[in-house]
Amino acid sequence: MNRNVAALGAIVGAVLVISGVAGLAGCAKKAGETLAVTQPKDAGKLNIYIWSAYLPQEVLDKFTAQTGIKVNFDTYDSNEALLEKLQSGVADYDLVVPSDYMVRILVAEKLIQPLDHAKLPNMANLDPRFLDKDFDPRNAYSLPYFWGTTGFGYNKAKLGALDSWQALFDPKNKGRILMLDDMREVFGAALKSMGKSENETDPAVLKQAADLLKKQKKLVATYNSGDFANILAAGDVDIAHGYNGQIAEVVAKEPEKLAYVVPKEGATLWMDNVCIPGKARNVENAYKFLNFIMEPEVNAEIVNGVSYASANVPARKFIQPEILNDASIYPSDEVIGRCEFLEDIGDTTTLLDQYWTEIKAQ
Amino acid sequence: MSTPADAPRVELVARNVGRLAPVPRPARPVSWERRLLGWHSLLVYLFLYIPIVILILYSFNRSKQTAAWEGLTLDWYLRLFHNDLILRAVKNSLIVAVITTVVATVIGTLAALALARGSFRGKGATQAALYLPIIIPEIVVGAALVTFFGVAQMRLSLTTVVIAHVAFCISYVAIVVRARLAGFDRSLEEAASDLGAGPWDTFRRVTLPIILPGIVAGALLVFTLSIDDYVITSFVAGVGATTLPIQIYSMLKVGVTPEVNAVSTLLLLLTVVLIVIAQRLQQDPTAQGGIKK
Amino acid sequence: MPEKKRRSVAAYFQVLPTWMVLGCFFLLPLVIMLVISFGQRGTYGGLKPIADLGAYFGSGEFLANYRRSIEPLYLSIYWRSLWMAIVTTVLCLVVSYPIAYYIAVVVPVRFKNLFLGLVVIPFWTSFLIRTYAWMLILRTEGLLNTVLLATGVVDQPLNLLYTDFAVMIGLVYGELPFMILPLYASLEKLDLSLLEASLDLGANKVATFFRVTVPLTMPGIVAGIILVFIPSIGQFVVSDLLGGAKSILAGNLIQNQFAVARNKPFGSAIAFELTAVVLILLLAYAMYTKRKGQEVLL
């Protein structure tokens, strides 16, 4: 009996020791790093809540070196998770990065605060094409961070050049299609293929779209919002509905085999934006950080690290040419012109959810 | 009340609990049955470990994608040690798991003891309450907890994560230990106390050895649950309280790199080392006490 | 000796910490969710403010979510989840019993914890990575097909990933320790002399197993079934990854309501309904065993 207790105690003790050591190692490393640079006196901290891999650590380190502000950041994987956290009222973040439609919701729920443009001189660097959008008129609450499109990647060596959503509904591609596991995006693709808007609220039109998707279901190998690019690259599917950034990465590795396209009928234009929560406690530091990431060189460093397009004009001088010239990351005006933002459709969400359930349940 | 003079008699009972309680006797299953069981178990262990082997293999994969194999490299391990996010997540996960295991095991065992032996008002309600965490889907538990913390104005942090984990893990321990206690013969305890042992002594030397395998099983279960919990944790984690599962899931959208495989492999190594150490301790004659073989 | 039914003071203290933790951090939050389940989704996903509470409750409108959740579309989803959970549990039981028996009875005492630990260790790695590993194994060009083709068992690769088969493997895999551990806890105290006695009295091995071993280890079996069956009803990640997210189970449904549809009231209603059903089943089982005079194992 005592052996078992001793064994248990040993395990618990060893784990505690090791996590303690790991923790100390982490602290020692941090202490070492900060000692290496002469620090302005302690300027407080900044808590950022952001999409995963949206912020290279080097940029944060540079910010800390320059201002002395310690940055903590946590990541989330969906807008709704962000909403839930902010709604609780007890999350402690100073900067968040919601997508377009979520900004409107956060404003309506009074969870983010208006931005004082006077404190953001670097705003002048921002591309006017991405300012003053419907979801946040005059950028009262948000500034663009990254933007992109939701088209599809495909195996052009096998299928030739594709340019229409019809390919995703074509029985020839049965079992070789991947769709995002995202109700709005999937309906968006269906609606666009029907020549309608992705923000359609007419129940009759939505029913048509739902029927189209129900027919499509047997052609779909899998619905997946995380790994779509890898699945395409691995050859498990020939067509993958997905966001441009990840697909562009795998296309760049095999440019003769894969391609990305924004279909001629149009697609989703998405934008992730920085906002300051209403209950933020380090507001001044948040403003400092916002100005910092809008500096051209810093912004370029972020883009180069992450391969998504930013809305910063002077930063283009410093962005790697492979990224700048990649039409999937920085598409032409014409392509942008045929895309639209997803808007919150209010109470119609319930109807759409009903259809989505039916599609998945059959 | 036990007196010093009673000590030898208590000792006698304690030493012989092993014989009074059911133990496997030399009559073991016949050899062909044993072989069959052995083969089945081997297959099950293989089934359990094949994905693990693959996981480890791909931590050495040069390719960033999970499918294509592009040759061996230690890159990901090296990058891991500079990946502050993952290291912090590992630390958080371990701290939460250890604290949760200790606290939940203690509370759950006590509850199981009370349910199995005592007769008290509210017994049925306690049983029902203990089942709820298992029945209610995690997402509802998570949403409920974060709403509650909001109402109670408790700032989200690592502490809220530990609280949440303990809350839903108690039940697992209680159920497993309860199963172990089924058919528990109270006469053993009564014999001990008749012989003069106090309640704590009785517990420590009579009851505890009998239920210990159940407690160990329950504790292992809780550790497993806590270290890999995603849904509930994602709701209640605060600033800097990211645990490993959350970190990994958040990398999902931009592609999970083999660094994750690397950290899983290292954690695996750690646990194997710990288990071996524990095993050695068990075999160390100087660590024995109480029950004679 | 029959158990004396004395009120045990000690028992109150023993359950106190449980009630403190569960009461405060579990039951209370759940009551909040229950109240929410009677509400309606607001335009942006919060709660719709209700002007006249009296009329709302009086007219029975507060049960709207519950009424919606028993529409045929949703009933078919519950049925599918239930069926999947039953199959998973049965498979788990069949696979787990022999290995639990092996560790509890055959393995020497000094190695038992080691073997037990080996069962659990794989589950201390990330669930996501383990599931990805299964995807690698089951893919058309994955490990399993490679082996099957190489050994000539099949001449065309089998389409295993994104099917119900893959989901079942993933589910059983994930739930094994939750069946093995309780079974072990119960089997470990099995008194083999009783089995010997049964054989001596003329019963064959099969009869002995079903009429002596199984009843004696019933507590472990019941515990294992509960710990596997119930969470299986609400799971959804495995079916999303290994099944290609092509089916919708109760877990997906609730997840969708909370995450995408931002309809917490409806999601909570579904969850509480499922909870009620399971509680009723457990209650029925408890009453059944009590009536038969057996010890209630819950």
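First chain written, first letter: the chains are A, B and C, and each begins at residue 1.
To be clear about the criterion, contacts are C-beta pairs under 8 Å (C-beta built on N, C-alpha and C of every residue); 3 or more make two chains touch, one makes a residue touch a chain.
Not measured: the values here are computed from a predicted model.
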| item | value |
| --- | --- |
| Taking each chain's C-alpha mean as its centre, the one farthest from subunit C | A |
| Chain-chain pair with the highest tally of contacting C-beta pairs | B-C |
| Centre distance in Å when subunit A and subunit C are each reduced to the mean of their C-alpha atoms | 34 |
| Chain centre separation in whole Å, for subunit C relative to subunit B (CA means) | 17 |
| Subunit A and subunit B, separation of their C-alpha mean positions in angstrom | 36 |
| Residues within subunit A bordering two or more other chains | 4, 7, 81, 84, 87, 234-236 |
| Residues of subunit C whose C-beta touches two or more other chains | 113, 139, 258 |
| In subunit B, residues with contacts to at least two other chains | 66-67, 143, 147, 213, 216, 249, 252, 256, 275, 278-279, 282 |
| Complex contact set, residues of subunit C against subunit A | 41, 43-46, 73-74, 76-77, 113, 139-141, 161-162, 240-241, 244-248, 252-253, 256-263 |
| Subunit C partner contacts - residues on subunit B that touch it in the complex | 21-25, 27-29, 33-34, 37-38, 40-41, 44-45, 47-52, 54-55, 58, 66-67, 106-108, 110-111, 113-115, 117-122, 126-141, 143-145, 147-148, 151, 163-164, 166-168, 170, 172, 174-180, 182-183, 186-187, 199, 210, 213-214, 216-218, 220-221, 223-224, 227-228, 230, 244-245, 248-249, 252, 256, 260-261, 264, 267-268, 271-272, 275, 278-279, 282-283, 293 |
| Complex interface listing, subunit B residues touching subunit A | 65-68, 84-85, 87-88, 90-91, 94-95, 97-98, 101-102, 143, 146-147, 149-150, 153-156, 208-209, 212-213, 216, 219, 234-235, 237-242, 246-247, 249-256, 270, 274-275, 277-279, 281-282, 284, 287-291 |
| Residue ranges of subunit C in contact with subunit B within the complex | 1, 3, 5-8, 10-12, 14-15, 17-19, 21-23, 25-30, 32-33, 36, 95-96, 98-99, 101-103, 105-106, 109-114, 116-130, 132-137, 139, 143, 173, 176-178, 181-182, 184-186, 188-193, 195-196, 205, 219-220, 222-223, 226-227, 230-231, 234, 250-251, 254-255, 258, 264, 267-268, 271-272, 274-275, 278-279, 282, 286, 295, 297-298 |
| Subunit C-facing residues of subunit A, complex | 4, 7, 78, 80-81, 83-84, 87, 105, 108-109, 181-183, 217, 220-224, 234-236, 344, 346-347, 349-350, 352-354, 356-358, 360-361 |
